[in-house]
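The following block contains the structure, expressed as structure tokens.
Which chain is which? They are A, B and C, in the order written, and residues in each are numbered from 1.
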């Protein structure tokens, strides 16, 4: 049985009906990993022994007639910037190559309480800084739709694992698009929740006011299921919202009659690949046919979003990554004879170029004499961008945009950092405004997946999920597995 | 040589005596084995986040009210960025532009001259860990070991206006501030343990100058004495520098207590650029009037109020009351001892006299004084009642500090009860008069000093136990016959 | 040219990083590319606009003052590169 092709909700049914066992399922996935991960390179660390032990435990629970949670006994993958106690967590960096956390992230605690299974930790751009997973200290992950192309980033490993059948569900993190863009490049579902919905305790911080953990899954139903578990206030995270968590699966309806879908013109401007534009136009027509109302919208400050992000995020990152100094954990240059020398050498040798670039950019924009012109200015523009969305949502319920202006491009394309940054134009504003956003497969261009993004109001994941589900169920994209060169 | 004015401002850091740290729930207990009160948050582990301890805000508001500050309704935290091994995140969570308190004052007395010292601001922040150097000093060590038990302990920083004009004023301010912090029970204020720390900003200016001179910041002041000596030294150093045609550099200097000098701490690196920005992991703290009122209502009695109470309710003189309330511990001791005696004036004299002398000579605070308030009170009562002469009382006191025994027991054991029995005394008076006929002649000739001599003889005869007042009266009566 | 190689070196120093001389030119160029692009922000009139340091409209997230046991001493040191007398050992603290 190709269990690895199934979604979590399908497997849950099979488990409770005792048609399959969790051990069987878990072994099936590990077998798949053995088969394909040599090519895909989605994983950094596997935790087979513990995973199988957990699977065995769940099988016993089922045999004893216990009610189990939807994710119980179902194997998933965790992006390697999420703290897992006792299991190596590297952030795909040499700096943390041998780091073993002493505590579980809040989301991991919640998932453990659901008796789910962790297959291992997935590859990513180093410290989540990147859009291709190429800045990883480890060999880059390959897109299962075309192994010579990038899977996107920074949660490239999790997304690739999903579409290659190497995990049934996965967690990623999203600061400027790092869940949605890889989901788009690999043809699966990725959600960045409203900022504050999911606790950041245990998510290695990149940019504190932008980071959110979210699900990467085969379909919208699974994404809603994972959201149900990981959302909720956390006493260890001062920025987590004390808001009731609805049952997101109840929002999964195919009715979008009267739904006002906003189309922000700035996201369909120059730079958008015309073929990707074609896919989005078709999706809009599909929505109209389903009874949705299309509304023309303008988000006038969109053009300033990328640079605003690339000032705020590095600024916060420069301080968040200061803790990596070789003193308490992580890579240390043992030859240095003074602490300042040791710290400089450890950081220089432990961090890759992109991380160093962003730390320095962040230090620069915060430094005396430049703070007002850059950081303060960026914070003001952030307010304007938020206001754009607030205004837009007075005229519509949800926004529809491409997730990325292009499809997955070749690995090692030798692009300028700035050129890569500019491709985040569709996803970044959502983080700046703290809104929920989803990317779902909308079609193909030259054999590569195209994702479309739905953006919702603050705390309105339900409308986003409904709109996504309706589209998904009227197409078959969620049932297609990546070819992986015939494997 | 021109006349120079000394200008001093003090920055005081006080560790707040909360049970848990500022941003995590680790214990703040002092003196444990290294790295035993730590967690992912105060260790700066990847992914850890701060959560503010409510009591830190309460204590900060309490402090602000006690020193007459305006409590700021909108508060936020900021990151102060610099690299140092004792700083587990390599940034300190502090408050930069929206601190919890602005504008207050502390009133001091120097030689009975009152003066008001302004306070610029008070803000909340977290402490760093501790470095244990392998060698004797930081400069002579090959390595250091970091203990993060103290990392994250809450601090308040109290910044004064540059209102002090001498080392004596600075000391008086620090003593008063320390007393207030102890009174309102927000800090242990133990300078030796580092729960209160002081940096001094010192500059000089000529009398006709229109602006303050350039200031130097002096660190490593571990006692009141060090503070005074450092100010005196630094002022002299700056004056000499200026008189020689040089300029004072704005820099950080350290006080070297052994050599009695300040030394520059400047390294080749430039001055710190702390790159303050708002702490994104914390949300603002908004303080409403109701909260301030609650804290105000629960504010413990401050030194000024306590002094007034001692004067009004117990009839103490101002000078005595002022000195009794100088520290909370002394004031508390006084109150406890006063339960065991009516003679509050006598008690005050003993505390400010013999007891204070004992504390100074043995370099301890009253919390380490071996005599209980009850026993001291009893001693004062025995003197008042006439059971014990004040002279002999001093002997008893010497025994009491060795072994905290009840004075009543000691008096009995040493056979020191004052003799006030009229018959016994009369006998001694008659005997002494008989033995000293010349004194009678002298007295009759107008030499009043003869009485004193005769009293002395009787005291000798009675081995100090005769009640001198009664003896004096009886002698006079007999002599006038 | 927004920043010179010298300034890049200074920023690197503040960040406790070193950029090797061979990389310096390329690094400075890339840095400048980004900073030049940042000029578009100056086109925007942001007078009177409140900055957004906080995405969420919440305040007063506070914790009760209760001490709780943290991690064990061994766990605390479990990832330490070098240990001495129960502390994290570092080479001499000042240069």
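We adopt the following convention: a contact is a pair of C-beta atoms (placed from the backbone, for glycine too) under 8 Å apart; a residue touches a chain by one contact, two chains touch by 3 or more.
From a predicted model like this one, the values you see are computed outputs, not experimental measurements.
Central chain (C-alpha centroid nearest the global protein C-alpha centroid): C. Counting C-beta pairs in contact across A-B and across A-C gives the higher total for A-C. If you average the Cα atoms of subunit B and of subunit C, the two centres end up 40 Å apart.
We define each chain's centre as the mean of its Cα atoms; on that basis subunit A and subunit B are separated by 57 Å. Subunit A and subunit C have Cα centroids lying 23 Å from one another.
Counting partner chains per residue, subunit A has residues 99, 102-103, 209, 235, 238-239, 318, 322, 325, 327-329, 339-340, 343, 363, 367 touching two or more of them. The multi-chain contact residues of subunit B, meaning those touching 2 or more other chains, are 40, 43, 51-52, 83, 85, 144, 146, 148, 273, 275, 277, 280, 282-283. In subunit C, the residues that touch at least two other chains are 14, 16, 53-54, 56, 58, 61, 63, 71, 76, 88, 90-95. Remark: subunit B residues 40-41, 43-52, 79, 81, 83, 85, 88-91, 144, 146, 148, 273, 275-277, 280-283 touch subunit A in the complex. Per the touch definition, subunit B reaches subunit C in the complex via residues 18-20, 24-29, 33-40, 42-43, 51-55, 57, 76, 83-85, 131-134, 138-139, 141-148, 267-269, 273, 275, 277-278, 280, 282-286. Contacts from subunit A toward subunit B in the complex involve residues 81-83, 89, 91, 96, 99, 101-103, 105, 200-205, 207-209, 235-239, 315-316, 318-319, 322-325, 327-329, 339-340, 343, 363, 366-368, 371, 375. Note for the complex: subunit A touches subunit C at residues 98-100, 102-103, 195-196, 209, 235, 238-239, 241-242, 301, 303-304, 307-308, 310-311, 318, 322, 325-330, 332, 334, 336-345, 347-348, 351, 353, 356-357, 359-361, 363-364, 367, 373-374, 376-384, 386, 416-418, 421, 433-434.
For subunit C in complex with subunit A, the residues that touch the partner chain are 3, 8, 11-12, 14-19, 23, 27, 30-31, 33-35, 37-38, 40-42, 44, 46, 49-56, 58, 61, 63, 71, 75-76, 78-82, 88, 90-95.
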